[in-house]
Structures are given as structure tokens and as C-alpha cells.
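Okay, handing you the structure first.
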Amino acid sequence: MRYAPTASPVLTLTTGPVDAYPAVLRGLATTVLYDYDPAFQATYQRVSEKLAGVVKAQTMPVILHGEPVLGLEAAAASLLGAGDVVLNLVSGVYSKGLEDWAKRSGAEIVELAVPYDRILDPADVARALEARPDVTVVSLCHHDTPSGTVNPVEAIGAVVRAHGALFLVDAVSSFGGMKVDAESSAIDLLVTGPNKCLGCPPGLSILGVSERAWAKMEANPTAPRGSILSILDWKEAWRADRPFPFTPSVAEVNGLEAAIDLYLAEGPENVWARHALTAKATRAGVTAMGLQLWAAEESFAAPTCTAVRTPAGIDEAALRAEARARYGVVFSSGRGETLGKLTRIGHMGPTAQPIHAVPALAALGGALSALGCRVDVGAGVAAALAAIDAG
Amino acid sequence: MRYAPTASPVLTLTTGPVDAYPAVLRGLATTVLYDYDPAFQATYQRVSEKLAGVVKAQTMPVILHGEPVLGLEAAAASLLGAGDVVLNLVSGVYSKGLEDWAKRSGAEIVELAVPYDRILDPADVARALEARPDVTVVSLCHHDTPSGTVNPVEAIGAVVRAHGALFLVDAVSSFGGMKVDAESSAIDLLVTGPNKCLGCPPGLSILGVSERAWAKMEANPTAPRGSILSILDWKEAWRADRPFPFTPSVAEVNGLEAAIDLYLAEGPENVWARHALTAKATRAGVTAMGLQLWAAEESFAAPTCTAVRTPAGIDEAALRAEARARYGVVFSSGRGETLGKLTRIGHMGPTAQPIHAVPALAALGGALSALGCRVDVGAGVAAALAAIDAG
Amino acid sequence: MRYAPTASPVLTLTTGPVDAYPAVLRGLATTVLYDYDPAFQATYQRVSEKLAGVVKAQTMPVILHGEPVLGLEAAAASLLGAGDVVLNLVSGVYSKGLEDWAKRSGAEIVELAVPYDRILDPADVARALEARPDVTVVSLCHHDTPSGTVNPVEAIGAVVRAHGALFLVDAVSSFGGMKVDAESSAIDLLVTGPNKCLGCPPGLSILGVSERAWAKMEANPTAPRGSILSILDWKEAWRADRPFPFTPSVAEVNGLEAAIDLYLAEGPENVWARHALTAKATRAGVTAMGLQLWAAEESFAAPTCTAVRTPAGIDEAALRAEARARYGVVFSSGRGETLGKLTRIGHMGPTAQPIHAVPALAALGGALSALGCRVDVGAGVAAALAAIDAG
Amino acid sequence: MRYAPTASPVLTLTTGPVDAYPAVLRGLATTVLYDYDPAFQATYQRVSEKLAGVVKAQTMPVILHGEPVLGLEAAAASLLGAGDVVLNLVSGVYSKGLEDWAKRSGAEIVELAVPYDRILDPADVARALEARPDVTVVSLCHHDTPSGTVNPVEAIGAVVRAHGALFLVDAVSSFGGMKVDAESSAIDLLVTGPNKCLGCPPGLSILGVSERAWAKMEANPTAPRGSILSILDWKEAWRADRPFPFTPSVAEVNGLEAAIDLYLAEGPENVWARHALTAKATRAGVTAMGLQLWAAEESFAAPTCTAVRTPAGIDEAALRAEARARYGVVFSSGRGETLGKLTRIGHMGPTAQPIHAVPALAALGGALSALGCRVDVGAGVAAALAAIDAG
């Protein structure tokens, strides 16, 4: 028995999109109201206010109506200009990628990079800032998804704040799955989305903006206005009595409300613990099976994604194809430089359930065995179970 | 009894968003697959192929992942450059608005304008092109929604084609509700979306591109690449074996498939007839009530929207507020120059049902009467019914 | 343009099923839990408790897992036995039909009947009970749906209570659309369902039971046990710590919870006012069009259904077919003795919106006109609108 | 981390209800049509016709509007009468339970029983029929769910047919998950429902009826008529031009159509293979962990349910509570005589996915370990994986 490529899989354990929470799917199916209808305007304000309690920025969060690459491109275009010096902290493919958007603004880029299986050291960041006191913005990818590694955003934020630069953070695939907010990490422009750990489909960006970031964007002559890339246009759009710059994605907003309601009802700390335990159990199993984590140290590994180094001689694409065909389990590959070198098991939103570590390990191990790389799935599962039980 | 502003209305008869078809709402609630899962990639190709039969462009349609203002901004940015001369045909607020995006590209703008209650004459377009043989692109808004008027896109397309310019058409609020496609109107870049007459929520753009338009975009050094605004990046994305430039809006794509399936099952001609008859009945009623259409001639009026001139002495916002509070019926206002001067009754997708003309007229007439403008609702409804019966 | 019989209609203005509230449809689509899962058992208790506040019986309401004919058959079988004398109050087809179920129990039936366009007079009920002091149970159909007439349940309840008999009431198509509960009307066994005015699909019965009714059922040797017809089996099933006699209809229970939440959020009085005003506007229009209500006096007419007498020479089935084919509007026929003699316009749950009176009247009038019976639709709609405006 | 009893579990691996297929959930959320609307009547006929191809009885299947206990009670009441001699084949709690319903009809009951961990031998059935040539009806529970054992229905059917008795079969929890139909097993009255292996919520019964069975029911003076228990009333209800005896459960019928469409699209043989492989992998794991199947021989074990004998000293309720609290995995207990003696892992519809054997075994093993019964989960999972790979 094999699952056809066109048949739905059983378990989508990717780094997103994952399936949405059932309540979010139902939220998407809510009656679509006219965007200028006062009932929808009230909804939009209510959703924004709930979101504010989660993003914890100094000002009301901004929802942009495209998946988080829109948020990231808009952030770079809005915040950065010709006079800026950006210290881009690079620990993986996505943080490296921020450079492209930053360059377009005419800013000078200074890079501080580590190998893609390692994370940034706040002390190194401090040193880089000392070396270049003219840095105006520091950019970081909190969880560099193609590596499954998490940078110490809070400690780095403190360094950046001390220096006086603005702190731009891509928290797309960490937000909602672990602690990260604008306040605790001194983030001036936090970019995320509901389509990873909040368990929504892709289609929206969420931005948390500090007062300094608003001031800089407003003073920036090249910040987009009258454009899908404009953050400024949406500054007041959360208010029920203000017009939208263009039609918001009504269904996605309804889905987002369902997601935030779930998140708050479960309790953020409980949600994070669920993600963390799923990842911990997965890592325990991976190691016990004789495989290697991608992260150079386990403490670097994300609670929302476990990246497993591809064993020598294994075709990583074949590995994922085998897991899907045999067991109906879908994993993510690496991206760019990590493509082929690792397989990623996502723990995001509805898939961040510790017991899912078990079929994940079984499917990974079974697929490897099928390709001739014998691993001890039994030992892996037993270790995962022990980790869950240790809770 | 009055409907509270925050309570859901009974009938949303706006120019969009309107409520989605029930089958589209269920489509949105479909299991969210990983975008790189072969089952989703097959879905994306299948949806694109179905769409191709509706858009009828020379090449596969492009889906962009934001509501049609993204499509319009991307079209202007991708197609136009510093060397272009754009003849912008202006008959309303939205066609005038195209100018802003066109200007950003560095193109020279030539305008041919008519009052906003009239439409373009193909002969005038021909004359304008004779006067400026260097025009490289002609831009038109097919249904200028804030006026509820429809331009003769097919005849204008023939003129443009004869001249040799490229033809850029905003067909956002006509597509799916009346005949308009790239082939029959010689459109090189048709921009639309599923959130009007196809009965989806806002969140996607649909583009029909000719081979000439692809060639021009590919040769355009300022056409966006590596951006949410890029059309070029998505050229091959419809193919199941090609990667997406970024994560598509999975749920919206699922909703779109449901919408196209409905559209094809009912039959495009039948769908258009349903829109046309609803508008005809509405116009008959409006006139019989003693009110005036906005369109200078009834033949200009759109099958997807009926714009009614605000009677002297009436506050148009109060009129809509009254219709909502008393009857739960929501209309659209004008925009920009037409704001306050007209009220729009949408006939789009699920709301394009002839019988809906009746509550629309009753709510409009009742609200006017409440504001002191006595109109004969009975005569209006009788006329609408006669129009439906003559159907 | 005509709507095909197999195509979905635009407006289902029947006496049920009507379309469910959108939130109920989403409720039905909730994850199906195992009935013995503590989360579902908690749901069941919670729904029962919410329902108790609406049914207002002395004891917890009973949910039976089949549409209300199950509730009615079970009620007759459980409450009645060979020694009973049942005074069946007959004002229509449904109240007459109760006799069949009552007879099966071996009870003696005494009938007090009025013509089917009239309602019971409490004084006549009192006289009937004086004439037969041995009556043990009085049965009434509150809103006899095939006639669209409403009996004065509260006044009759007082008479029954004074006599000492038990009071069995079919409140299927009144409950949720007007005031009726076990407490205010001294009902011992109230049978209803969520599929009329609560806006759920058919599939459940709801019973409100007094302590006397439980005592009588428990003492009744022929009351069903170990059967789908058993009420006794379900007495404690609402408790999260008690087993279900058999598997409840999980999805319907989820839908019911959504319906009760809506009902309580809107406020029962507001819901009733909405039903009443819709009916009042419809009646005003019917009369103004020159048609006759079925009810001999307007005060008999239900707030949840308007029955319109078929004009002489009109084929009632053809009338409804014409309304559906021309306008997509669906009405109900009469049943049994009223079949062919009247057409019913339902005002139930989501269709109980005053503005719906307008398309109802237009479709009714238009269909009559098409069949050669000229009516003044304009006058009808104007009268309806005036009634709505008078609020 | 523990899952609260009132929080939704992660995996419902019970013997039903299980969660419905996502497409079925969306089907339930379809617009509710009036039951007498021609569009719904056409739907009902279409669903019945699709079902006919699956049930494979001589006549059109009957849908009853309550979960399968309604179908079973109705079958006994309709088919059996005072003159009947019923040979009830007993291999478990559910087959034994059929006796109660059969007795009510006044029939004489002859029992052929085996221990509840064994199955019926067709040769014994033949002998029993020889001993009692006056047997008019033989009743069998195909898959006696509380034991997880499957009787050889086809071979027994041949014996019954040869004898000339009618064959009444409860196929509730086997139908749709393995081969069983009226034709291949010579069943005269097959009772099942969509809420087990077809992946619907509970709420409907499905009956396959032979011409002989219709003749017997029609001749039976005690067969229910004018009752929720009547099968006869619904004989022609599948026809679009015939009235329904009472209002069908519209939403459940819509859900059923989605389920049959899925079943036919996947292919019945493929669906059965998926169930069989899930069960096989689960059994392999159970045995490898050192646990015992309930079934005396593995060949008796159902493809739709794996019953695991409770190890000595273990409180079975505590075991399930532990699996739920630690891992979010829900199992079923035994029932009646098997309660406490076994735990059941369901493989039904959407849960019949081989990979689900892995979390099932892990949760079972982990819970046992937590209660002091050390089992080798690793060995179990490895064995399950080997079984899946052997396919």
C-alpha cells in the first residue's frame, strides 16, 4: 500500500503550511461581510486588540494582507533608506535572504554571520556594534527555519537597545510557538504571521511596531505609500472608524480571530510548552535512532522545528518521498544551502502535539530503512516516549 | 426594531466584498496542505487550468496572492517603464486611480477622460491614438465600479490592437458577471480577482497575460522580481513541478476552485444572464420609483452594479445607515468624486439573483422615505417584477 | 430565466427545514468526538444546561436523537397508557394527528375540535374538562403548522393545571420563535426541536418534562425502555458522568449548541420580536394585495408562519412551482386537509427577518399573476414596508 | 504536561464515533434545503442510488433517520413476529443484545453461542438449522464490536440461504471497512450506518433489504407503520417523486453523500486494504509488546478494531485515562461482559491509516508502563512498521 502523490497525506508535519486548527477552518467559512460594514469594522478592531495582547508592541499591531514575505519586504522597504547602515545577523538561509530586501532600500549592509548550524552570540553582536557605531538597524531572523535553529532574541535585543539601533526581527516561524514578543525582546519591528504556530493558513502578515519604528518609517521618504508594500497606510486601519487602504482579506481575518481565541483559551505558556515538549521528544528520538540533529548543539534547536541531518549516502528528496508514500507523513526539506542536507519535522500549531513525535520518528526511520540506512526506530520511539513522560 | 451596527446584516448588496457562495465558504475550510506537497501542487495546476478556460488569455493565468489592488499595482509596475507612453482612459475614480501606479514606473501618461457618468467612445480612443502614435500601452477600467458604468472593452480592444499598443484592463468587478476575457477583447494584461462576481472572499488576484505582455515584462528592467509585486516570478508557478516564489494562500486557492466549479457548472452565459437580469430589474425599479440612475444613459449601466443618484437634500451616508438599521440591507457608497452623490447596489456572484432587486428597492425606498424623500416603493417593486417576468 | 428544479433556490421561506444559521452550519462541522470522551460528555451536559434555561421545565430537558416526530411518538408512548383518558384539542392537521399515537397506547381519546382556521377557546377546554372529569392528559398543538394558527397555550395550560390533568404540548414550530416554555404555560411534557425557529437542521427532539410527567412515565408499564422511543432511558443522560443509552447524534448536538448560543446572545425577546414583525409585515402585505389569510382572525395567525388562502381557480402546487421557477423562492404547501387550500410562508430562525416579507410577497404575487390571478404586488410591498417601519 | 479531560484529544482511535472525514464535515455544513424542495428530493434519490451500489441489496437501500440502534430495533420489529423462530448467533455482547429486540416481537429465540473471544463456525450453524428446521430467521452480528471479532458472514449466509431462512445481519461496524454486502453474503436484511467506517457522525441507519424481506415485513401485522420504527414507511422514500414519511435529517444526508463520494473515489478495495493493514500493523505491535489480543485466534480479529486483553492487575479504565491524559489518545473500553477485560483500538474511516498504529501502540504501551506494567514499546512499534512495510 502506497499513498499516491495526489492523494491527501495523513500527517503534514512540515514547517508550514500545516493544516489549520479545525476551529480556524470553521472561522474561514464565516459569512463574508462587506469590509465597510460596521460589523466587520468592529471585528477588525476587536481582532487587532486581541492581537495587541499577544504581539506586545508599543503600538497597535498592523495586519498586512499577504503572507509574511509581504510583511518582510514591506518592513525592509518601509524602515530602511539610503542613509541606513544595517547589521544583518546571519545564521541561516532566511536571515541571509533579508539582505536582498535591505539592499534595495539603498542601505549599507554589514554582516555578522555564523555557520548555518550555529546561532548568534550576543557578545559578538555587541562587538560588531562597537566596531560599527554607525549601525542604525540590526536585523535578525529569530528562528531561521531552514536550519531549525533559534537565536537568543532577548539577549540580542538588549544589546541592540543599548546601542541605540532599531531592531528588526523576523519571528515568522517562532511566534506563537515559543515566547517572543516586541516588549520582552526590545523589538522595534517584529514581523510574523498566523500561518505557522498560530495554526492559520497562509495569507496574512502581522507586524508589531515601536514608536521609534513608526517615527523612522514616517520620516523615510522612500517608505512605500499607496502600495501593497505600505505599512504606513495601515497605521490606523485597526480603528473601526477608519477606512481600509484597500480591501482586507476578510476570511483570513475571521480565521485569525478563531486562532487567537484558541491561543488565549489554551494559554500561551501552555501552547509553548506543547511545542517545546513535542520538539524535545522528537530530538530524543532522533538521537536515540542514531541520527544527528542539524543544530550543532541541542540547545540551538527550535521548539517549532526539528532539523535532522541527512545520513551519508541518502538522497533527502527520496527520503521524504518514501515517508509520504509509505506512511502518508509529509516533512519539509531544507532550503538553499541546507537543501538536501537535512529534513525538517515541523511542530507548529495543531501539529505541536508530543504524541506526533512518534509517527514522525517512525516515518523518518522507516523511510531511511527502506533506503538502506538501518536505524533503530524502536529505540527512537522509546526515547521519545520517555521524553514525553518526563514532560 | 433596528439592526445594531455590530450585528450581522441580512443582505449584503454591496459592490464587494459580498458574502461568498456557500460552496466557496466550505472550500475555504478544506484541509490546508503543505504548499510543496504534491497533492497541493496538483491542485494548484488544476485550478490554474480551469481558470485558463475562463480568462482565455494566450498563456496560463497568473494567480497573485493578495486582493486585486495587488494585481493592479503589480501590473503597472511590471508592464510599464520609463520609455512608455500610456493612454489612460478615464471614466471614473478607479480608472483615474490607475494613473498613480503608472506614473511610478516613469511612463508618460496621456489621458482621455469623460465625465464619470459616461463611458469611453471607441472612436475617441482611435482619435487619441492617432494623435499620439507613440502610445505603447492603453489602460482601461472595464467596469468603473464607483460609477457603475461599463466601457465597451471589446470595441476599444479592437482599436488598441489595430494601433499596436498593449492593452491593460482592470476587469475586477466585471469579470465573472458579464462577458469579458482576454481573447475576445484583445487584452494583453487582464487584471481581475475572484472576490467580486465569482463569489469568493478578497485575497487573490487573477491575471491573464498575452505573449506580448510577457515579452514586454521580461524585457522591462524595472519589472519587480523577488517581490510580492512580481508577476514574472509566478510565470511558471502554475506547473505542479515548479516551486512557488513564496507560499501561496492555500485556503483562498481552495475557495477559488469551488468558485470556478460553480461557475462552470452553472454555465458562464447563465451566470451573466442572472447578473444582467438582476441589474435590469433593479434599474426598472429605481426609475419607476422616481429616482435617477447615475449613468447618463441606461445602456452604460453595469450588470454587476446599479448606481443610483442621490436625491437632492439627502445625506447619502444617512440613507445607507437607515437601510441597514431598518431592514438589515447594506449598500455601497460612491468613492472619491462620486462619494455622497450616489448609492450602489451590487449584483455580484451570490447576490446577483433577480429577486434580490425587490428587497434592494424596498430598503432603498424605505430609507429614502424615512429621510423625508417620498418615493413609490410599490411602483418600483412592480416594475422590477415585470422586468424579471419579461426576463 | 427560470430556476431549474434541481438547482438550489435563492430563498427557502418554508415552515422547515429552512436553511440553518451560518454559525449552526459551522457548528455541525465541528470535530466529531467519541461520545464517551469526557470532552464530549462535558459538552452534552453544557448544552443541556443551556437548553434548560430556554425550555424552563422543572427538570433537565431531554434530547432525543431524531427529529421531533420521534419526540412526539415517544411522548405519547411514554406518557399514555391503557387507563388514560386524553382530551385532544384539535385545531388542525397536526393536533388531529396526535390522536393516532395516543390511541396506540390504549388510552381513550376525547376530542374537542374547532375548524382548522380557528383556535381553541380556553373556556371550551374548561367545559370539556368539566364534562369529563376523568381526563388524565390534555394534548395540544401550540402552533398547528399546516394551518399557521397559534393556540393560547398559556391560558389553556392554566385550565389544565386547575383540573389536575397533565398537559402535553407539541411546540415544535413555535418554540424559539415566540414565547413558550414549560413553566409559563404549565406544560408537563413539552415536545419541540431545534429544526424550526432555532435554525438547526432536522435531527433532534427536545423535551421539557415536569416532575409529575416523570412520575407518570416511570409508573407506566408500557412506557418504552431499551428503545429509540424511550424517554426514560435518557433521563440522566445529560449528566457528564452517566452513559448514553446509545450513541447521540454528535454533530447535531454541536449544531444545537451554536443555535442556543446565538439565541441567547440575540436575546429571546429580540428573536421573538423579529419573528413577530416578519409575520406582521407579511400579513399586512398579503391583505393589501387583496389576498386572504387562512386564519379566520388575524389574531390567530402565527408569528412563525403565514398561511395564505389559495384564491379560487388557482392550483396551489402550480403557484409554488411558479414562485420557485421564476424567483427562486420556495414556500410550503398545506398538509392533509389544508393541502391545496393554502400556501405557507415560513418565518423561522434565519428566515424570520422582516425584509424577507418583501421578496415573499413579490414572489407570491408574481406567481399568482403569472397564473392569471392579478394581485397588486406594489400595494402589498408598500403595506409590508409600512408595517416594518411601524416596527 | 497532561491533557485535561475537557480539552479535545489529539487522536480519537475509538470504535466510533471517530472524527468524520474533513470532506464529510464540510458536507454537513451544506445549505439546508427544504425536504420537499425538488433539489433536495433529487439529492435524496441520488444519494440512495450511490448507496445502492455499495450495499448491493436486491432493492434500493433504506435510510432511517437515527443512528444504527434505530436500524436494528426497526429491523427486529419489522421483520419478526409471533410466529417466527429466530436462530440468534451469539459471539459477543452486541449479538446477544439482538435477542432483546427479537423477543419483543413475540418470536421464539434459539441461541447458538460461542465464547466472546471466538467466532461462529458455519458448520455449527448448519447443524443448528438441521436441529431446528422451523427456524425462519437467522440473526448475526458480523463484527461484534465489543469483542473486535469478525464472523464469517459469507459462509454463514450460504448456510442460511440453503436452509431457506431469512438472514438478518448487523454489519454496523464492519460495513465500509471490509467486504460485506447483501449480495455476496446472501443477507436479507443488512443493518448498518455511515458513522463507523464510512467516516460520518452518528445519526443515520442504512438498511439493505431483499425482496423476500420486504414481502415478510409487508405481511407482518406487527411491523411498525406510522412510526419512527417503521421501515415500511420509507420503502419508496428514495424516489424524488415520493413524499417522506417525516422530515429526513438533511444535514446528515448531505454528509453521507460526501462520505460515499470519498469511498467510491478511493475505491472500496483500497479502503478495505487500508483498514486491514492498519489492524494488521496494530496486532503485530500488540503481540510484539508482549500483550495479548482478545481474539482467541488472530484470524478472528477485525480489520476495523483491535481488542487487546487487559494485562493482569491493570485497571482498564485507568489505562485509557492515562493514555488520554499523557498523550491525548482516546481508546474504547469493552462493553458489558467484555468491559474491563479489554481495550479497543478502532480503525475506522479516517482513523484507518496504518501509521496511526504507531501512536496507538505508543500510547497504549506508555499508559501501561505508567501503571506499572512494563511493555516494550520499541519492539511494538518496530513490529508495526515492519507490518506496514510488508504491506
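The first chain written gets the first letter, and so on, giving A, B, C and D; residue counts start at 1 in each chain.
Convention: a contact is a pair of C-beta atoms (placed from the backbone, for glycine too) under 8 Å apart; a residue touches a chain by one contact, two chains touch by 3 or more.
Quantities reported herein were computed from a predicted structural model and do not represent experimental measurements.
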item	value
Given chain C and chain D, the chains that contact each of them	A, B
Which listed pair, B-C, A-B or C-D, duplicates the contacts of A-D in over half of its pairs	B-C
Numbering shared by both copies at the chain B-chain A contact, with half separating same from different	same
Centre-to-centre distance between chain C and chain B (centres being mean Cα positions), rounded to whole Å	44
Whole-Å gap separating chain A and chain B, where each centre is the average of the chain's CA atoms	35
Distance between the centres, which are taken as Cα means, of chain C and chain A, whole angstrom	52
Per-residue overlap in chain D, given as positions that touch at least 2 other chains	7, 25-26, 29-31
Residue ranges of chain A in contact with chain C within the complex	22, 25-26, 29-31
Partner chain C, residues of chain D touching it in the complex	5-9, 12, 14, 16-20, 25-26, 28-39, 42, 65-67, 69-70, 73-74, 100, 195, 201-203, 226-229, 246-252, 255, 324, 330, 332-333
In the complex, chain A residues that touch chain D	1, 7, 10-11, 22, 29, 266, 273-274, 277, 326-329, 353-356, 358-359, 362-363, 365-366, 369-370, 376-382, 384-385, 388-389, 391
